[in-house]
């Protein structure tokens, strides 16, 4: 779950990470009022869950009331890399002496948190890291002992940054690590980490990703879930407990289990098809989950054929067949379905399907044959 | 540093450990006012840094104003095992269904914190533990992973306590562990841990020992240091950075380093002497530390002879000699001194002493000879 | 032979009294697994179809000699249950539970790694040694005893591949689902090491997917330490890249983590990589000789 | 031979630029110890009488090949410095600092125990291998090379005993001060194990004191694993019992921890216990034969 900048900065404040004063707004009037309360100059920032806001024109300096209103009006409703701007953050402008990059991330490879620091902050840090890997300093933290002062000192001395900044930057890294652990984050990123002309160290941006599996520990964060940022079909799937991802093609794909679904996508692509979406009904899918899944898949208008690929382990194929039959009764699809049922109770499932005589449903015995058939039918 | 009950309960409250309502008082009037604010019946409790208050009559139930005044008056000024009562804690009386014992302690042997629980709470828990070791349940906690729910469940099920109490007692143990770690305690003990007739679980007593080496992390606790509870000579020594312990005999002992001082005590005892006190001037003692040490030792009137046993490693014997000479100038002692100087710069030290011709100062070459001599001189 | 679970397995199940826990425990027992006990706090003294239930793993170990734990409790209690099993001295812990917070997994992983207990999962289907023991939720009916050691990050894909192998006549020494979570208790390398040492295993199949670099690391390990033939399958060549907000992920992983990078790393070290599940069985047939 | 420190020692000193740190570092170097670097954050690039100073242990290791660290920083920074040395891959860490909080020591101990670095101290005088290297504050002038391995919880008492031995003509293979803190990094057992394996050591002297049960545990270890003669001395037979407030301490330790209990445990397992420092040398003379 990606937090918006202003939400991340709320967490930062709660854990003592220094951030500039600022206020949230969702209208031009609100933004202007916030700006006047903060005092000019301010920066008006689009709040979207994606990087590259600055380049897209989503961050603007306002020196007075008129500029604030003009920028707020321009940014609200703007489309930034597929995300529509519904919210703004109005922040007191900072004097910029230096821009660093800092992050705490879960390193899956080392299975440890990793703290990162670079003197080369700013928008293109990813390229900097590729061009000059030495400029991005990284240290692993043993999660059982936690972030120690020496981790921060080492990053600071190796970056290297000015001697007067070793302590405050180290202290900020320690607090970012605290945010990372206490808030169950999988990413805490500050870019830029700002050194002001007065040599204060502040977090000018906040990118925080919270582990969705841990939201029960953070009821306050769970409430922040901004459903408006999600695709309506993805939202529909999530509400029904299904994993759904929208793609560009015309073949709807349903399977059980992430691995099998990914494999199905690959096989369809190998057969020359282009998936429109995919939906993982999960292990142990029951009939009503299958019915919901069909509804979600068909709500995408681009779908011209559907591939049902089920290998029943915990999932029972007779349950899947019943769900499919019920879905046809409710939705009455007008596109062809290719169904491959294998595994637990597969004979019973295939028998039920045959007896139901669903219109335009084709069964296949193997995954490869099913993929080829659906590509053919999708046209 | 041992906290008084009411100080420990302040920490308990801060960490969410349930305790009865109560208030601190240091006068009869204060106690009566506190009792009336809390509502009768209340318990008036002597605040001393030693166990066995109940048996000594330092804990009394008061059902009304008159009883509160009478008990407060009786307890204030009472001597409990060598500690004079200067402070009271007035606590709302609790209904008692069961009394358990709970503690978190640093187990030096396992080098881990250990959590303890027994159904057999109350004053004689130590005897219970000796008679029926199975009644005292203990689990070690890996300090890097911390107290887990299973630790509390295991203690509760093994104690065993009622099924309805497994959760609240486990939760209390988890909070006591939090006190232990967050407050740098080396002991957190609750005896009794009370189960009320309403099946609430509360800490009826609080014995908390804070690691003196960690007080810089707890400026609030450092302020609690109750010097009035310390022996005036021990306080004098502490103020001068020396370790001083008062004993029952008549030979004053000064050495450098805890091990050597303990060894000196043993050797004096083997020679038939009885130490009046001992003072560890520490490693690297300088002249002024030695002067202070002599002043502290001689402030004890029972001292009829002094043994100076120095093996100079970091400590330089010439510095020790200078300190002793200066001390004699300032204090003019009227008891004999036996001095054994060995180690770094010992020849120079012995030369300085000889030249100073201090009255009634006897030098010996070995620890054993020095011990025998001082026993002889002390009479 | 086989790895991890067999006739010596003495299984105790945390969450045995839950609906899913009871269902799969009895299913595992029906398969022949020696299920000696279960653990549900507060249900000590009860039984589940004759299987005694204890309040703690410590009691389950003391009373029933359990050496293997299966974790079936809800995600918010799972880390505690795993740590309890480890504290009680259980040497193999199989965590089926899905949805455990990543930070819980980090703590559990780094704690267990420094001790002597092995964790499989979480979020995995468990371990099946056909004909000997089934610890988890793998549908055993598709698999028979044989020489292919199968290790996989995915559940249903494992069944799919096992089934393809079975249809060509290949059985399995053991099937180990290591789970698809960001911080699994055991990696491909851990299991491949066991298969390499297992006398019954003639060929190792590893079934990976996008994300992380476990497959890449396994490729290096195989090149250096594995004498037996290894066939790999990687799912997710056409999976869309995740929408990642920050830069850190990309900086950390670089181009690692894609299916293509994984397949390339494996092939560069001489591991044959199948393009679909059926091809795994084709390649196994080429290596071992057709069995049907 | 000797244990822990010798001609292969490459020492880096945390806190080298402090008054005490500088004094003892130069003293150790004068003795012949190979002091390769020091660490003081913010003083990187400076030197102390020609010894280069770095900002981090990582840099000190990378630039000067340090394999041993001496910790001389104030107590509130000591745990961090020890952990830094360990993280930098230093295999022997000698912590002189006195007054480190017990909870810091607990975390450090339990962390290091599971890795490969060894910690001596804190609150200890260090290690001297006469004629080879001195890492710490032991006054080397009292000791010469020889066959007695000496391990002690106390500083000055060690010098006293070493001096008694020297006066009878006995030298030392190594003198190891393990420190008197509640949670020392290394125990008697750890060091006795080294002396048992050390070819130069003919006899082991252990110097204990009241508190804890390290001596009792050592007694069991010696009986089971040590072939060389061991002489013990325990200080504190007449020390007053500490004023303990709660019951937990007494319940935990029972009658353990007194000097009498320690001496009894050692003698019950065949270890001779001297009653005063001079007797240590007497007994050593009986065992090894008089040297003077």
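Things to note:
Per-chain numbering from 1; labels A, B, C and D assigned in written order.
Throughout what follows, a contact is a pair of C-beta atoms (placed from the backbone, for glycine too) under 8 Å apart; a residue touches a chain by one contact, two chains touch by 3 or more.
Because the structure is a prediction, the values reported are computed rather than measured.
Note on connectivity: the fewest chain-to-chain touch steps from chain B to chain D number 1. For chain D, the chain whose average C-alpha position is most distant is A. For the pairs A-D and A-C, the larger set of C-beta contacts lies at A-C. Once the centre of each chain is set as its mean CA position, chain A and chain D turn out to be 53 Å apart.
With centres set at the average Cα position, the gap from chain A to chain C is 27 Å. Computed from the mean C-alpha positions, the centre of chain A lies at a distance of 56 Å from the centre of chain B.
Chain centres here are Cα averages; for chain C and chain D they lie 46 Å apart.
Residues of chain B found to touch two or more other chains are 142, 144-145. Across the assembly, chain C contributes residues 107, 111 that each touch 2 or more other chains. Residues 75-76, 99-104, 106-107, 109-111, 125, 137-139, 141-142, 152-160, 163, 180, 182-183, 207, 209-213, 217, 233, 235-240, 243, 245-254, 256, 259, 275-278 of chain D are the ones touching chain B in the complex.
Of all residues in chain B, those touching chain D in their complex are 2, 49-51, 101, 103, 105-109, 111-114, 116, 125-126, 129-130, 136, 138, 142-144, 181, 184, 186-187, 189, 191, 207, 209, 211, 213-214, 216-217, 245, 247, 255-260, 262-263, 265-270, 275, 283, 311-315, 342-344, 366-368. If you check the complex, the residues on chain A that touch chain B are 144-145. Interface residues of chain A facing chain D in the complex, by the touch rule stated above, are 142, 144-145, 148-150, 153-154, 157-158, 163, 166. Residues of chain C that touch chain B in their complex: 41-42, 44, 55-59, 77, 80-81, 83-84, 87, 107, 111.
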